[in-house]
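Same chain, two partners: chain A is paired with chain B first, then with chain C.
Entry: the complex of A and B
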């Protein structure tokens, strides 16, 4: 393909990205080092907003809570996702397309709807609590929602498909002959799993975990709906600063802290997936 | 055996919120209890009678349609260039074109909100549409790329040797072969836009509210099952779209395994 043709084909998308993705992000960076007085931007270069973030115990606490939540969600998603991916990579069932639909369909159902489903289940007068109270098994509703527990469950649900897709891709590429060889040489199925399958699937584990973690720490719909503003995370601070407090520079600085963490994780993610795809494990 | 049970439980976990929402939508009571309190369509009736929901549904459908059209055109062209082009820095370019997919949408949302406000475009239909096209186009590029890499370039060259103009060879031969990927990409773009919440939240106003935003606003003040009816409707739309993707491209191809 000639360069001219390539430019014509790629041009519209590059232009779109430059104007409505790269430029806005650059502007956000500029706003994060500017001042705002009486709603007017003063274009300066000051690190005041970053200093405020880094010196205030409240914001650092929120950042810490966000990262801890991300680790919890990633660990649970890995524990739940691995058996599923292992099964999916191996199965020859004719129901396989249906299984893939089960994994994909949550991705195509809006995040608000999925949260709402969990709210119907976990609320104080929700299905679980109402049933338990009615049967007389508990006296008052269990605290299933408006706390970290509820937020973590819904977050795991939202990002589990990403974990499963990352893991299945890698597990599927493991040569079955390796597993047969291991068993022929006398290793038990458990030992074969621990010493062959698990190490070979490490790139998938790493890629899936990075993706899940980076998505989990940047979610704010789930913490709002299932945390009821009792569970504070960094994206919620960004949202409040930008849309309620209208402190744009501070909101932008918060967003940039989140962006730096995400970009670092994504960079590692791209390296890991590239390597896994080339087969250099 | 143990693996089978665990796998079944995880599948149940994946589906449970959707199943619950659909059951609640057809349940007669104000609160969803088990066993259900009888079958009723009144929540759906309420959904279809409320003007704000109908306007939001129409806006979302129209927005998703134009988003799909725009991102399919732009994304297909870009995918062809990315697969066929042999130039330096292609890996870097690949990372750049998929970056809207990997960057958390809250960041894209905040950045676009500030950008649009500064250029007096905030809360306009075109601003919202452009935002949606930015986040959906990488998906189209991915699905089209998946089908393009299987495509045998010799077919297109054969057409050219037989006297077809390169452009005609592309439209009559290549496009015919990669059509499944293009259609699946378009359907996926429609679905992503129709359900998008995070980006839309930053780009909408009281007069410009897509369905997920309207549903979110409704949920903040009331907990009645009308929201379940809206959700069940959206789940139905998603199912139809998944079936569409399965028919045109095949799900194993679409997910890459």
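Entry: the complex of A and C
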């Protein structure tokens, strides 16, 4: 009876996932080990495409850049997001709803418009460089765009809400009495943060970082628009292989490498953090 | 008015002194001139209904509340500007506030670690503290693996292990069920005696206050109404509020007629205390001091009718009404002796009927 009710409630979602997530994923896995000759798919099992990827310095380089970009974006989002989340969790200000809207605002703007906004700011003749050159503070424009810096800034901008909301939920649940207990036991505010708040907010750090990292390494539009093809990330290679080169098996293999590596990293991350989480969750 | 000082406490020789504390939150006044002196080794209770300022008083000793006016002294030193982590106070919170990500041992060791005590000494003192609260074998567990009572003991051990100047307890038994609470009351008092630490205890539960305290300050609307020993508080309440808050009591309004006699609803009642003839006064009379007697033998004996009988197990409560319309309650131990409608004589001594000062 309870199982039946559960199935009825979960059914539609499971069906949706099976049809539009699991099935395409399985198909993609099949394609990645198949052979393609003259545009015709031959359903074989070959690891040729994986071997090609792993033996080619160019693709490995792109993979490395993608992961580094993911780490940079996650780290910056965490550093910027934590203080904001801390404030949001503690404040009783009547401006709190407005603050939340501000935090969510990057998600309210379409991705292309958001990127063009950054271009207006970061381009060689954009607002920042134009102002600095005009004032004579710099001789030639700073390289703010068409590099990792520009891509990272735009990615942090859009993923910050996920980080902040993940952290706020956890920080809010920390009993203020714990911080007071720490203080009466002789820990200063800074020490209390390090000894109590930080370890207790690890689940939020974990959740927010995982979310940000996986979104960052699979981002596509932002690296294209703000990286201007000078910043190569794996999703762009996948796109190129599938839609320009029409080498579907190699594109699928690329996508799977990305998937496997991010799942593995996430597993390691969870394992490492698990020890610190003992007693909390 | 500074009652604590008025009642004859010398200003020296106090572990904690509060002088005229005032704290406002917007338009509400949380503390309205609170002055208290807490003696070394004393179990001192702040008692009152919610919103009376007892917790604010405790938190201003801990340093979490900075008073708008007045001084807080710990061990003779003014600590108004000293942050909580340098005040050397131990505090136990209502919901224990144990660090969930640390074991019992790590929780208890926390304060010693902050004081940079040597490792082997920490081990030794943590073991002693856990033995003191009778949890010697629980060091490796996490707080969530302990019962509420055990968590409370760990919180106590953690607060005591650093040997603070004063132990602050904020309704520490509030989250426990009744049976455990009764047990912890005795346990807490034993611990406090054994360690001999000056303790300030906050509660709204008069029974807890009466059973554990050396002295009690009854607070009401941000002020201290009375500071006294449990027995003095119960037997000689100074104000109507104290009389009404501690236990059950008959508060009879009437007019003083001189020589300690008060006219309540046409009954002449002999009392202790003095009020000018003609003044409107309140007379406090404990129900258990009203005796239901056959003959007129006490200072006050009045013929009355039993209007209600309330059976309470150990005790029986009678609601009585005089022919002139005065109602009062009497409580007796044991069996039900009268039924509703019975005619009785209610008697009490002049000592038991007290004129309250703020009537």
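What we mean here is this: the second predicted complex is superposed on the first by the 245 of 281 C-alpha atoms of A that agree within 3 Å, B and C clash if a C-alpha of one lies under 4 Å from a C-alpha of the other, contacts with A are read in each partner's own complex, and residues count from 1 in each chain.
Heads up, the rule we're going with is that a contact is a pair of C-beta atoms (placed from the backbone, for glycine too) under 8 Å apart; a residue touches a chain by one contact, two chains touch by 3 or more.
Because the structure is a prediction, the values reported are computed rather than measured.
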{"item": "Which partner reaches more residues of chain A (counting touched residues only), chain B or chain C", "value": "B"}
{"item": "First (chain B), second (chain C), both or neither touched by A:165", "value": "first"}
{"item": "First, second, both or neither for A:61, with chain B first and chain C second", "value": "neither"}
{"item": "Partner chain(s) touched by A:12 [first = chain B, second = chain C, both, neither]", "value": "first"}
{"item": "Partner chain in contact with A:143 - chain B first, chain C second, else both or neither", "value": "neither"}
{"item": "Touched partner set for A:235, first chain B, second chain C, both or neither", "value": "first"}
{"item": "Contacts of A:84 with chain B and chain C, given as first, second, both or neither", "value": "first"}
{"item": "Doubly contacted residues of chain A, that is, touched by chain B and again by chain C", "value": "none"}
{"item": "Chain A-facing residues of chain C, complex", "value": "62-64, 83-87, 89-91, 93-95, 97-103, 110-111, 114-115, 142-144, 158-159, 162, 168"}
{"item": "Residue numbers on chain A that touch chain B, as the complex places them", "value": "1, 3, 5-10, 12-14, 16-17, 20-21, 23-25, 27-28, 31, 80-81, 83-84, 86-89, 96-97, 99-106, 108-121, 123, 125-127, 130-131, 134, 157, 160-161, 165, 168-169, 172, 214-215, 218-221, 225, 235, 238-239, 242-243, 248, 251-252, 255, 258-259, 262-263, 266, 269-270, 274"}
{"item": "Touching residues on chain B, where the partner in the complex is chain A", "value": "3-4, 6-7, 10-11, 13-21, 24, 31-34, 73-75, 77-78, 80-82, 84-87, 91, 95-97, 99-100, 102-108, 110-115, 118, 130-131, 133-134, 137, 141, 191, 194-198, 202, 212, 215-216, 219, 223, 227-228, 231, 234-235, 238-239, 241-242, 246, 251-252, 255-257"}
{"item": "Complex contacts: residues of chain A adjacent to chain C", "value": "175, 177-178, 180-189, 191-192, 195-196, 199-200, 276-280"}
